[in-house]
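Both of the next two complexes hold subunit A, though its partner changes from subunit B to subunit C.
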Partner chain A sequence: MTGSSLHGGPDPMARAAVVSVPARAALYVLLLVGAPFLFSLYLAVSDANVGEPIAHFVGLENFKAALEMDVFWISLRNSVVFLVVAAVLKSLLGTSLAFLLLQDFKGKKLIRGLVVIPFTLPIAISVLSWKWMYDSQFSVINWVLSRMGLIGQFGTEGWPIWLGDPKLALVACILVNVWRTFPFSAIVLLAGFTSVPVEVIDAAKVDGCSFFQRFRHVVVPMIFPILMIGFLFDTVFTLSDLSVVYLLTQGGPANATKILPVLAYQIGIQAGSLGRGAAIALFLVPLLIPALILVLRNLKRREY
Partner chain B sequence: MSDGHPVETDPTTVSRRGFLRATGAGVAGGTLAAMLDARQAPAQIRGTTLRILQWSHFIPAYDNWFDTVFVKEWGDKNGVKVRVDHIPHLELPARMAAEFAAGAGHDIMMNGSSILTRLYYKSLADISDIYDAAGKKHGGWIPTAGPLVQVEGRTYGMPMFYILLPMLWRKDLFEANNLKAPDTWELARVAARTLKPKGHPTGIQFSQCADANLNWRSLLFSFGGAESDVSGENILIDSKETREALRFAKALFDEGMTPEVFSWDDASDNRYLASGVACWIHDAISAYRTTEDTNPDVFKNTHIAMEPAGPGGKRVSTSAANVYMIWKFSKNQQAAKEFLTHFVDAGPDGMVQSRGYNMPYLLGQAKKPMPIIGADPKMQILQDFPKIVAFYGYPGPFTTPIQEVVNLFVLPDMFTRVARGQAIEDVVKWGMGEYRRIFAKHKRA
Partner chain C sequence: MARAMAPPMTQRRKSIRRHLLIYAAITPYVVIAVFPIYWMAITAFKQDPDLYRMEHFPFWFNLAPTLRNFKILFYQTHYGDWIWNTFTISAWVALITLVTAVPAGYALARLKLPGAENTGIAIFLTYLVPPIILFLPLSRIVAELGLQDSWWALVVVYPTFTIPFCTWLLMGFFKTVPMEIEEAARVDGCGQAGAFLRVILPISLPGVLTSVIFAFTLSMQDFLYGLAFVSPGDQKPVPVGVPTELIRGDIYYWGSLMGAALLVGLPVAILYNFFLDRFIQGITGGIGK
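And then the complex of A and B:
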């Protein structure tokens, strides 16, 4: 079918298609993204609770209530620390793994399959396994380190209590998040690396570029859009990850690992205050917006 | 409260315990059959379907009995098809919220530990009639049962059973060191102080988990402390007794525990006892059962004590409540009410099948000797607990603000802060601030 009708004017079907495709896309976005977001906004400005069918408008009361909570500020700080540290570790580990998987070696396909296991395992099972590994008494990590003479014996001060020490507990939660999701970063990067033509890399080698120069000036610019999208996904996944912290510590000890999604769940669902839970969850949006702007601006700039 | 290990029984051995259980089951089975014969549900419920949502019991054999024997027999007799779904107890509030939002789901919902009557009562069926009838039939309810399920003079839930957290202590270690049984918190502290240097510390969770919420309340209330007044409106946490309890907990931690307790979850103390390390723990009898199955030598010397008394001799045991409710949107409310009536009548069977875990709220069912625990010399002491049982909010009811206080672990955090070295006055000020803020928000709402 061409774009013109028999009478020489534009084909009505083609014209309809031109209109309807973006309209369908807009409808799709509106229904799947916009509607839940707008519903969250509605909840956040209401006194909705889990057992009350009718909610009343309360303005910014829920946001104000959140800002008055000590634990909100602790959760906000923890969320930012969690996001930044996890992002750095995932970038380093993901890049290293992607380069390793690019190499030719025996059993490459098997290894590629195995590395995504942490990402594909049901989160409840993998986190519970970690809970055992962090156990204060039976931690396999501690027993190995102790046998190697790197830490003290069980019952002494040199025996780390992974989920009991406020700083270690946050580290422990971040490590599990990194362990679960860095294979995703690696797979995204690997997809990017394999899309770079070998000829371009070879040309750079002939020009005398070192490994890091090739990476910085050839590979990264070519896979930049993939990197940005991967970064965006990773930010969203990390910020909204409720399960790791909830299953490991429920936010303890004494809120040392509490992050915004856990706090929102505890107040919104467990304590039943949907409005306040939604307001707390919406504080994640200002954290996400800078990442979103950064990604979109960079992508847009590269279009020209 | 929970344990990571399913409590299984070995069908090939016939121990004293096994014999008691088997005979208890026989008696209970006979009782159940007699009850089924005696009570005939109305014909209208024949041909209907009843859906029940409840937790996965910490005693897996109980779920097996409930699903395949108890429910099936009642369903067959009354011509009702009953479907039972089990989920982890921590997921019950989220599922309840989802079913409420959808206006559809199960007919009967269980609430475990988090009793959400006051959040949902407008959407729950009024079951005052069957609650009152059960009370009349079984000699009344324990005083703390009503506030769990009653709002504005009506009853919206059937208290089915509660779970005790008594003292589980190592008699061999105590005797070898000339220590008195932990009948008071002070004696428990002396024991921990004496036995910690010998490799047998104690432990209570200084962390954010259900047991921490329950255990520290038991200590606080036994010290004469209180959470809210009987109206549930006024906070009573800022008191001399709270300060005393916090001071005691700090000393107990310093003298008798290791920093492990900051990382503990609900099952850690079970493992601590079963591993033979702990000199005593304050936990549900699932810990006792786990030890029985995993470390018979330690189990032999593990005894159960009455809730330790505070400095004034007061004993309060904060227990995990379990309640069943019927949705107002349920199209089969009549069958649901019939089932709950039958279920509450069968409390003694539940005790047998749960190996003494499910404690009844009905005074008639709490008469000595109770099934299983009445026949076991080490467990008999549990029969004295019904008169000292309390729930969150004590002496007030389990209100919505208290629900939030519990979910945010405010009280265990107060104890944790003190154990970590924060000044008691600062902690009380912080805790009071949290309570006030939460109560004020709910009042505004």
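And then the complex of A and C:
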């Protein structure tokens, strides 16, 4: 904001010319995000499908039909379970890691670089590695567990088939999400911690606050906005990500890992029922809107 | 002074103990984070029989390492095409992103436009509208444009998330350039555009480069759009081609699969690594500077 009073703006002609510039970016975004969003609302109330280009208005039929599908409720439940369990696990791992990375030690840069690799690796690519580690017969995870005596031998009851067992498949998918995003949680938290000025902490110390008091009453309120944003970004990405489940199990076995994005993809693209698919994808909106509003409120406080 | 007085041995011992404790605590995290990548790497260089013997110690080579898996990739699959597609897609996406996001970011940051801040936030928020909500309507748009089944579809679609993110990022960058520099340029006879092109842009080159990197790395993170819009085997980018084309039914060529994943994934991960703090700053609105 420095020097803003000096800046009265040059000649009005140049100004008018550049006013159109953000308009262009806004237009592109509007065309490719706003328009599709509206179009998706339109699809959701039509009987559009891949075979017939002319769609008819069917009102809320697609939403009603979705609510009547058993697999929709299974997917919704799985999506929520996935989101909540993953969030708990990645907060635990992320917070503890952030505290460790807050310490001063030799080789910290290298270690930090190594620890964040899961988040920076393209997701479709890292999932492949997990698919191999979860192999029904040659799983390296099982190799370790079996040598430790924790599970039985291959071919017996005690040999877990991670992606083939309905009881384990969702756990397996959640673990991959946690693996991928716990470094993100840690780095966001770390960014929050380092944004708290040392003087503030010292002042609280002088005032006789214990470690936990300082944490609870000084640090947490100060890093709250950044925490919220990290949390909400993760919510949006975890809820809407299809690649982990799609590549590991395609939603199987017996719908045990079916989540809303996978269902929307299978019905919208694979079965070609665009209207039905769009309606299912739109069920994510009520879950996402609170996230958007909170992010908006926090971004408004951005300092420069 | 005080340091010189203190007995050096106890100090050092204390520091070593502290370091050992920290390393011990952080090792599990590093192992969890890195193991899948290590596993990818060792699988890629193993001979097939070496992959399927459970009685052997699996974490190292029991048979001599081989490059056969990579040969298969380049001679018997479209892997080379996918790498080429990935780079051309990214180059186009980066170009489209820069042409729109640089001027937009500058205008929103600098010109006293009414509602600039809110426009900026609105543009950024579209980054949060997930592909899963947009891909069905976009599939119609891609079809209307006649781009289905070609990687050009992705060139059109990826800017939906790179422009919002990079505009926001560049807004932050341009705001850090001191106003005085721009005014000096104007005093020296540059117009607004001249000042921008000759003075502001060169100073902001790191920001522009960062945007290019993000246009690339964010494109690499996509799977859904590529999966939905591009089906011919030779048109896919790497992150889509590898999992969809190299897996045929129930037969897995794990060596080649892991090689394909590693060869492209690792460089991207390392590149992204260097810019991760920028990404975090971007999405958290620069709170944690």
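The rule is short, and it goes like this: the second predicted complex is superposed on the first by the 241 of 304 C-alpha atoms of A that agree within 3 Å, B and C clash if a C-alpha of one lies under 4 Å from a C-alpha of the other, contacts with A are read in each partner's own complex, and residues count from 1 in each chain.
We adopt the following convention: a contact is a pair of C-beta atoms (placed from the backbone, for glycine too) under 8 Å apart; a residue touches a chain by one contact, two chains touch by 3 or more.
Since the model is a prediction, treat every value here as computed from it, not as a measurement.
In the superposition on chain A, A:90 makes contact with neither subunit B nor subunit C.
In the overlay built on the shared chain, the residue A:194 is in contact with subunit C alone; subunit B does not reach it. If you count the residues of subunit A touched by subunit B and by subunit C, you find the higher number for C.
With both structures placed on the common chain, the touch criterion links A:49 to subunit B but leaves subunit C unconnected. In the superposed pair of complexes, A:269 makes contact with subunit B and with subunit C alike. Of the two partner chains, subunit C is the only one that A:129 touches; subunit B does not reach it.
Once chain A of one complex is fitted onto chain A of the other, the partner contacts of A:214 are absent, as it touches neither subunit B nor subunit C. Touch criterion met: A:138 reaches subunit B and subunit C at once. Note: residues 135, 137-138, 269, 274 of subunit A belong to the subunit B contact set and to the subunit C contact set alike, using the contact criterion stated above.
Those residues of subunit A whose C-beta lies close enough to touch subunit C in the complex are 2-4, 6-7, 9-10, 14-15, 17-19, 21-22, 24-26, 28-29, 32-37, 39-40, 42-43, 93, 97, 100-101, 103, 105-106, 111, 113-130, 132-133, 135, 137-138, 140, 143, 154, 179, 183, 187-188, 190-192, 194-195, 225-226, 229-230, 233, 236-237, 239-243, 246-247, 260-261, 264-265, 268-269, 274, 277-278, 281-282, 284-285, 288, 291-292, 295-296, 298-304. Subunit C contributes residues 18-19, 22-23, 25-26, 29-30, 32-34, 36-37, 39-40, 43, 51-52, 54, 58, 100-101, 103-104, 106-108, 111-113, 116-117, 119, 121-126, 128-141, 156-157, 159-160, 163-164, 167, 172, 175-176, 178-180, 183, 186, 191-193, 217, 220-221, 223-224, 227-228, 238-240, 242-243, 252, 254, 257-258, 261, 264-266, 268-270, 272-273, 276-277, 280-281, 283-289 to its touches with subunit A in the complex. The touching residues of subunit B, counted against subunit A in their complex, run 93-94, 96-97, 100-101, 114, 116, 119-123, 199, 206-209, 258-265, 268, 271-272, 275, 277, 400, 403-404, 407-409, 413, 416-417, 420, 430, 433-434, 437, 441, 444-445. The residues of subunit A lying in touch with subunit B in their complex are 47, 49-53, 61, 65, 68-71, 131, 134-138, 155, 161-165, 169, 249-255, 266-267, 269-274, 276.
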